[in-house]
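What follows is a set of structures for review.
Shared chain: subunit A. Partners: subunit B in the first complex, subunit C in the second.
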Partner chain A sequence: MSLGTRPAANAAERADNGAMVLPGRSHLRAQRAVKIGSLAFLILALSAATLLLGRYTVTIPDFFHIVAGADIPGASFIVMENRIPRVLIGILVGGAFGAAGAVFQTMLRNPLASPDIIGISYGASASAVFAIAFLGASGLALSGFAMAGALAVALAIYVISRRGSVAGYRLILVGIGFSAVLQAVVSFLLTRTDINVATDALAWLNGSLNSSNWDRVTVLSMALAVLAPAVVVLSRPLRGLELGDDAAAGLGVNVERSRLALIVTGVLLAAVATAAAGPVAFIAFLSGPIARRLLGGYRPLGTAALVGMVIVLAGDFAGANLIPGVSLPVGVITGVLGAPFLLWLLATANRSGQGG
Partner chain B sequence: MAALDAPASPALSAPRAPRRPAARGLKLVLAIAVLALAGVASLAIGARPINPETLVQALTAYNPANGDHAVVVSRIPRTLVGLLAGAALGLAGAAMQGVARNPLADPGILGVNSGAALAVVIGIFVFGVTNFTGYIWFAFLGAGAAAVLVYAVASLGRDGATPIKLALAGAALSAGMVSLLNAVLVSSQQTFDTFRFWQVGSVAGRGWDVIVPVLPFLAFGFALTLLTGKVLNSLSLGDDIARGLGQNVTAARALTALGVVVLCGAATAAAGPIAFIGLVIPHVVRAFTGPDYRWILPFSMVLAPVLLLAADILGRVILPPGEVQVGILTAVIGAPVFIWLVRRRKMAEL
Partner chain C sequence: MRLNAQNLTLAYDKRRVVEDLTVELPAGKVTVIVGANACGKSTLLRGLARLLKPAAGTVLLDGKDIHSLSTRAVAKTLGLLPQTPVAPDGIAVADLVGRGRYPHQGWFRQWNTDDDAAVASALRLTDTLELSDRNVDELSGGQRQRVWIAMALAQQTDILLLDEPTTFLDVTHQIEVLDLITDLNRRAGTTVAIVLHDLNLAARYADHLIAMKDGRIVAEGAPLDVVTEKTVADVFGLESRVIPDPVAGTPMVVPVGRHHSARRPEASTTAKTPGFLANPQDGLSALSMEAAS
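For the complex of A and B:
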């Protein structure tokens, strides 16, 4: 199907896609629709699996009865107070981490520049471990500490790496410096407490959906209700920044201001997600590159959010059901599966000459 | 990013008047004197301070019944571990920066430390190892495997292992290994309880049983790496020029890398993961040796243990009655230097 058979009809989309003139565009669009559709289907299927299966299996009719208000002893509590909040938190956290990672990776033009590598997650970790170990914090107070830590570290990194203007590379390297110190602080705090408290802290450090409840769903969804529109608005200047600062300025993007807005939004996304579920390994890091591979950079933020949701839900389901009798937190699964994927990603990026 | 590929060659820095070797030799003697002073301080200062006369007595006329003498003697292996680990890390850091042509290279940043950590955890969890002597071999294996893996991944592609690819591969591999490590720790509280004290990096509680097995490796690593000064000098001009000078670049890299891995592995085996010493010291050293690796290497080797011992001494007195492990303090001291480096240099130089 050549472009000639579809004159002018694609003008709007052509502008949208940065005027990539390719034969077979509608074929490409159909492919994209199928891929996005499959991601959405995967999210639905994994949600259903988490809601219905597990140590206590709920039938589909029972599930709808319970949601409609019927009281089935045992099952009602498990579904309403445990599984529904768990799935919702999984979806929200996955989406937030995915989008946050993609914001940083796209803006800084570097697949390694996700919040978990450049120190923001470590800020949350150090602050949360401190709160667990010395203040006995839990629940929302703990989330507050995690969030404050992430924001404080992000602010420090931003201020320090700012010299005239924020160069992407300096931001990443300063972030790596911060993560090294904060990791040392976390290790130190872990040696200063009772082993049981340290184990609690370790569980939090791995990231898990175990402490999901409706309170957290409410807080997280309110936060994301504000952040999601911001992401949508900022995705336009982000596309400009992806081409480089000079090109972006040439396209009429206010580089400094857009970058600041993107950093604030990305940090807040990562911070609220970390506050709700802990620093789940690799979600922010992997979602962007996977989305890019699937959809070739089409709407990087939205697709990364979808991929993030799939990863969190799949990791959580696998962690809960993979080994009978053992419930692993989602962060362990994503970490173990993420590491080899990461290596493969690096290897292929290097082979094609894009690894730096 | 392309700008980053430019070699951060020390040879490209502002031309200076050539220094007389005699002056530098004198400085090296001075540095060794400072190191000796740090060693003495490490024997004397701590929860129970020892005055100089008692210290001399303890070393010359040891009396087992005297409590102060016992304290001094108990501090000897600790000081020795600090000395050896510091020297190894400093030398390895300098050589690593030369071979990777990356001023930010450090065993911590290139993933060697986390490789060792992962291997130690596997040793504790799978093989039930619980003492420092047992950790040595695992740390060695892990450090070596991580270095080989990072180098292999980074050297894929047409242009080989560029500095930036090495750093990226190291950082990424580190992140991966830390989460594998967490997977083990979260499923075994006992492993975690043992590991959390190894993980911070410390020279406390190490005895002769830790020092003796690593000595041959350290000796080999010191000898091999100290000899690479000339090779690193030509590598610092860039691969093409080095090749033009008749250097076998691949062999030179591999040989230096072998020395670096042996040194890092041995240091990590003896003292646990200690970051930033290998990063900071070579930069300090360059300030008074200039860009010549034949001098940077020995100076780094002598001055790095000074920093490590100073951090250890500080850790003993900073938070009484407990101690702050040396790995924590080197991170706290080293990270600002790292950040300062990142800020100071123009990106093209990195």
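For the complex of A and C:
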């Protein structure tokens, strides 16, 4: 529809590119490479900032001495036991949430269809709070409960919204219904429990990298070592699925099987990330649309993972350093960012005829 | 490459939409399927494209049951452009067309020069080369439809099924799209089946015309034989005159309707009397009697 308004520009393009095969392709590729490179650089820069700066500043030479094995009193412990696991968990969790969100958003062609909107994260929360409040769970057991909760809710949403085929809107509405119920469950559990336990549970519910340690890094990287290849494999049928079911089938995608595999992978990604750092607000929701704005839907899962890493690292760094003397968990920062973004998305989605 | 159906019955849940239908798409020809809304024409196309599992009967691709073949093997031979495909937000034209290469790729066969060549040729054929780095979102309806057809072409199949490729297009773009499909058929010998709404365009562009009603084939054959006043009345319940299309010589359907019979002053004066309005059947038979005289 915009073509009519810019005939001159179009004529110019025609003259420039007429002779070339696939005009603009190399230009487009270069642009993408620059953007992806910038994201990677941002991740490196934010990691470096988290590793070196903060209440205790570590110099770059000291950092390398410590990593090489030198024991600098105080600094060694902070770097090895606190900051490195923190950065690693931040990267892994950000990537997992980003990819999980993009799996659902791309497959259902709707930015609202991310696990933190459709109740999967709340499933993890309700189950984890139950475990904290009544079973005194912590560490790995807590992670296990969070995962089981996420999977149970995802299964329930899938079964209820299935009838016929998984229609995007129904799945989202059913999911929002589940979110509401599960939020009530979380509130109920919190009011029924001891105040100290409730404080623990609330800290977990905020989502933070504060309790990062090497055990969690190990568990999370093992889980992602399985899930990341699955994401790579499934990103291929996803390229067909995002054109609609019939078009996908016409291209030779096995629609039902691919969709189920994508749902399971997406839920597991969100679940392992939630288990490691709590339900960090809106990472899954924000990453996909931002990546799409940046890169026009090129490799939606990978780019969303990169954006997720940037958001978590930036949010964590900001939370730790924004207000002197106060350390805010990353989930508070991303929550503050996420709410206006949600409103903006709702306000603009249908106006531009995109995003359902 | 042959595509035919034998005693095919297609159903959604329990509702039977296509009943015991036997049909063959003539190889290397353009087949157009017409019929009133909900006559099962799109369903038949989906059944032929392996998108629906038959409740009874079989679809044969080159003599083999299409459901015994792998999804990918089918997709290399048979392309489908559904009625309402969805372009992902912000996707570039060349990327969307590139998706057509899906069935030709795999784990050990990533994007290569064949794919580049197929995409470039699809863009050139559909005259969308200069749009290749534009966003699909910013294109006009006609351009977008050409891009979707380019995607189906990049799939490089011997058979191409298109479900109402001209819906939502203005008349200029309808002609443009159908001309393009005819070009492909003539140049590459692609077997084409199109579901169309417009009877006159169907009669003009079809080598083989299939008229459907209530899930069955009422008439099929060359447009000249199929498009008659009687068939139009049978299939669409519409009274019409069929005259030769002044441009193509193919049959052209001119609907009669209840009003605007300008050449028949008597009829239009009758039309003004309340009696005619109260009993339209009388008016219609009056018209046909006139036509007979």
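The definition used in the following text is that the second predicted complex is superposed on the first by the 327 of 356 C-alpha atoms of A that agree within 3 Å, B and C clash if a C-alpha of one lies under 4 Å from a C-alpha of the other, contacts with A are read in each partner's own complex, and residues count from 1 in each chain.
In this text, a residue touches a chain if its C-beta (ideal position, glycine included) is under 8 Å from a C-beta of that chain, and two chains touch if they have at least 3 such contacts.
Just so you know, these numbers come straight off a predicted model, no measurement behind them.
Chemist: Now for A:Ala247: first (subunit B), second (subunit C), both, or neither, which partner does it touch?
Modeler: second
Chemist: Subunit B or subunit C: which reaches more residues on subunit A?
Modeler: The partner making contact with more of subunit A's residues is B.
Chemist: Using the touch definition from the top, say if A:Arg292 reaches subunit B (first), subunit C (second), both or neither.
Modeler: In the superposed model, A:Arg292 contacts subunit C only, not subunit B.
Chemist: Quick check on the superposed pair: does A:Arg170 touch subunit B, subunit C, both, or neither? Answer first, second, both or neither.
Modeler: A:Arg170 sits against subunit B, while subunit C stays out of touch.
Chemist: Under the stated touch criterion, which partner chain does A:Arg239 make contact with: subunit B (first), subunit C (second), both, or neither?
Modeler: second
Chemist: Could you tell me if A:Leu28 is touching subunit B, subunit C, both of them or neither one (first, second, both, neither)?
Modeler: A:Leu28: touches subunit C, not subunit B.
Chemist: Regarding the shared-chain residue A:Pro329, is it in contact with subunit B (first), subunit C (second), both, or neither?
Modeler: First partner only.
Chemist: Which holds for A:Thr191: it touches subunit B only (first), subunit C only (second), both, or neither?
Modeler: first
Chemist: Which positions of subunit A sit in both the subunit B and the subunit C interface?
Modeler: In subunit A, positions 109, 352-353, 355 sit in both the subunit B and subunit C interfaces.
Chemist: Give the list of subunit C residues in touch with subunit A in this complex.
Modeler: Subunit C reaches subunit A through residues 46, 49-51, 71-72, 74-76, 78-92, 94-96, 99-100, 102-103, 105, 116, 119-120, 123, 129-130, 132-133, 135, 137-141, 143, 152, 155.
Chemist: Over in the complex, which subunit A residues touch subunit C? Could you list them?
Modeler: Those in contact with subunit C are residues 1-4, 10, 13-14, 17-18, 21-25, 27-28, 106, 109, 236, 239-240, 242-244, 246-247, 249-254, 292-293, 296-298, 300, 352-355.
Chemist: What does subunit A use to touch subunit B in their complex?
Modeler: Per the touch definition, subunit A meets subunit B at residues 109-110, 112, 116-117, 160-161, 163, 167, 169-170, 173-174, 176-178, 180-181, 183-185, 187-188, 190-192, 195, 198-199, 202-203, 205-206, 281-282, 285, 326, 328-329, 331-332, 334-336, 338-340, 342-343, 346-347, 350-353, 355-356.
Chemist: Could you please specify the touching residues of subunit B with respect to subunit A in the complex?
Modeler: 1, 4-5, 104, 108-109, 149, 153-154, 156-159, 162, 164-165, 168-169, 171-173, 175-180, 182-183, 185-187, 189, 192-193, 196-197, 199-200, 275-276, 322, 324-325, 327-328, 331-332, 334-335, 338-339, 342-343, 347, 350
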